[in-house]
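Here chain A shows up in two complexes: once beside chain B, once beside chain C.
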Partner chain A sequence: MADAALFEFLHTEMVAELWAHHSDPGPGVSAGPRGESGGATTGQKMSLCVLEGMGFRVGQALGERLPQETLAFREELDVLKFLCKDLWVAVFQKQMDSLRTNHQGTYVLQDNSFPLLIRMASGLQYLEEAPKFLTFTCGLLRGTLSTLGIKSLVTASVASLPTCKFQVVIQKT
Partner chain B sequence: MAVCVAVIAKENYPLYIRSSPTENELKFHYMVHTSLDVVDEKISAMGKALVDQRELYLGLLYPTEDHKVYPSYLLCRYGYVTNSKVKFVMVVDSSNTALRDNEIRSMFRKLHSSYTDVMCNPFYNPGDRIQSRAFDSMVTSMMVQVC
Partner chain C sequence: MSRQANRGTESKKMSSELFTLTYGALVTQLCKDYENDEDVNKQLDKILFSHFLPRGYNIGVRLIEDFLARSNVGRCHDFRETADVIAKVAFKMYLGITPSITNWSPAGDEFSLILENNPLVDFVELPDNHSSLIYSNLLCGVLRGALEMVQMAVEAKFVQDTLKGDGVTEIRMRFIRRIEDNLPAGEE
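The block that comes next holds the complex of A and B.
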């Protein structure tokens, strides 16, 4: 991957642009269960949906390209491990710090120094602003999982910067 | 040389199917359709057998079958499945030259990387028919030259 800073700058601009876009509430579209919604108005929730959708499409493409040479995945846990190692290294140049599961379809991925948050603060400053910077990554995870055949719901939470947790809930059909 | 190439989506509908234009194309469509059952069988068999490594290349799907209409070919079908459950099926005429396994594998690898390129194209919506000209020209280079 080219210099990581390029993606970080682009991502910051994307969030700033989409957040500022709806200063007056747009047509009331409910956010639905995707991504983290940080805004009080429905217009701002809609722009987070757009951001999450962008992450989804990128995740679909990455889900096709990254496992190209690897052998077929045997089970769900293998797919999640692939996300934590290969996907994270390809996008953020580091691996995910921890993966926990309850073996019933819920996985919690924890990153102790998330590259998109690390430049902002470390600690509790800017805690309210942080979730919208995680929306794109939630969509990225959901898109990659969907290409690999797993329907899921991904949400993110921040307790203190730059540590963040992504919760993946597999939807059983 | 390939006589027919097909890309089938995860939900088992064709994303791309092209056969060499001389013969009745419906016949090739039918052959590809019947091969899908064999592909599904191989995938599920591999899952149950608890094999450590699952290969993407599935190999020869069907014993060869004589083409009843003149000119007669010996047609072999080969399959390949990606991690995203997209299947490639190729019908190959092997009466003239016996194509070695390695050549078939390399043809599938080329197909896979072209398909990945199509997927990464932002103007392509996953699930649509593939209309990329680059993909078309790659497939043309693999298919038999018919005057």
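The block that comes next holds the complex of A and C.
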């Protein structure tokens, strides 16, 4: 059973990859010769899109491990409440602080002390970097929703650390 | 391998799996980046190695602070004490398992940690062309980074891995030297 701190530290390293200097900063895997040797990393950089994708896969996997009863939600709102309570507690050891909706498929989930931001700063410092620390979690939410049968778009915003908001927009097909 | 989630502890289970799932997603992503490039496949182990060891090191450097703050263990006087703390306190705290300590070298500067199960690979099956040893290499980096912060230069490496078909997972730890604090003259 892995301690929560391990995930936090690993997440920090994954986000750090976004800034990592790559000797071959091409857009993807290149077919050309690799001039570098011994420890140099080449190929696709970690990107926000990639980070979100990983969060999505993890969210899906977490969703798949839920017992069947949990999956029998009657309403969309119940699913969102589940995310705010059970999922958030499982992943971040706390509940989401508020949930708002326009009852037309848009939900705003607010966390006033988001654990992945809390060690960084308080207030406006690092505001520019903060979104990178939310990308994985956006994917996580989207992934869990996907397993629960809901297609969505999830974005996040930060006005002042460590408070952040996740916006979930349900996609009607 | 599927797991039945126990109703009462489902939340706890999700929490514990978060790290292993995330680590798995990270490795999968790295493998994906290179899977179309034949040449790179041979170098993949090296690439993953170069990715995980320094990242693991960074994690270790931070982890030790968290560990010291939460565990209340005092300073270790020798490598044997260190081994005990690593196996019985640290591994238990972070991964919920207690490896056994065996195979001490005559000089007392090397030992093995034997893990019945490798906690990182709970849900993992590797495709045939990827070395499994590298999968868990993050742990070696973590151990090295953490111990360096308490003035010990060590080498950690996997010598057996259940993912590779071995009976157990074995991490070999070797004490290299004590790292002296660089205090300015006159301060102590």
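The criterion applied here is as follows: the second predicted complex is superposed on the first by the 138 of 173 C-alpha atoms of A that agree within 3 Å, B and C clash if a C-alpha of one lies under 4 Å from a C-alpha of the other, contacts with A are read in each partner's own complex, and residues count from 1 in each chain.
By our rule, a residue touches a chain if its C-beta (ideal position, glycine included) is under 8 Å from a C-beta of that chain, and two chains touch if they have at least 3 such contacts.
Note that the structure is a prediction, hence the values are computed from the model and not measured.
Of the two partner chains, chain B and chain C are each touched by A:61. Judged by the touch definition given at the top, the superposed model places A:5 against chain C, while chain B stays out of reach.
Touching more residues of chain A than its counterpart among chain B and chain C is C. When the shared chain is aligned, chain C comes close enough to touch A:93, but chain B does not. In the superposed pair of complexes, A:148 makes contact with chain B only, with no contact to chain C. In the superposition on chain A, A:73 makes contact with chain B only, while chain C stays out of contact range. Across the superposed pair, chain B and chain C both touch chain A at residues 57, 61, 65, 67, 70.
On chain B, the positions that touch chain A within their shared complex are 10, 46-47, 53-56, 81-85, 112-113, 115-116, 119-120, 122, 126. By the touch criterion given at the top, residues 3-5, 7, 10-23, 25-26, 28-29, 33-34, 36-37, 39-40, 43, 46-47, 50-51, 55, 58-59, 62-63, 66, 93-96, 119, 123, 138 of chain C touch chain A in their complex.
Chain A makes touch with chain C in their complex at residues 1-7, 9-14, 16-17, 28-29, 31, 34, 39-44, 50, 53-55, 57-58, 61-62, 65-67, 69-70, 86-87, 89-91, 93, 136.
Listing the residues of chain A that touch chain B in their complex gives 57, 60-61, 63-65, 67-68, 70-74, 147-149.
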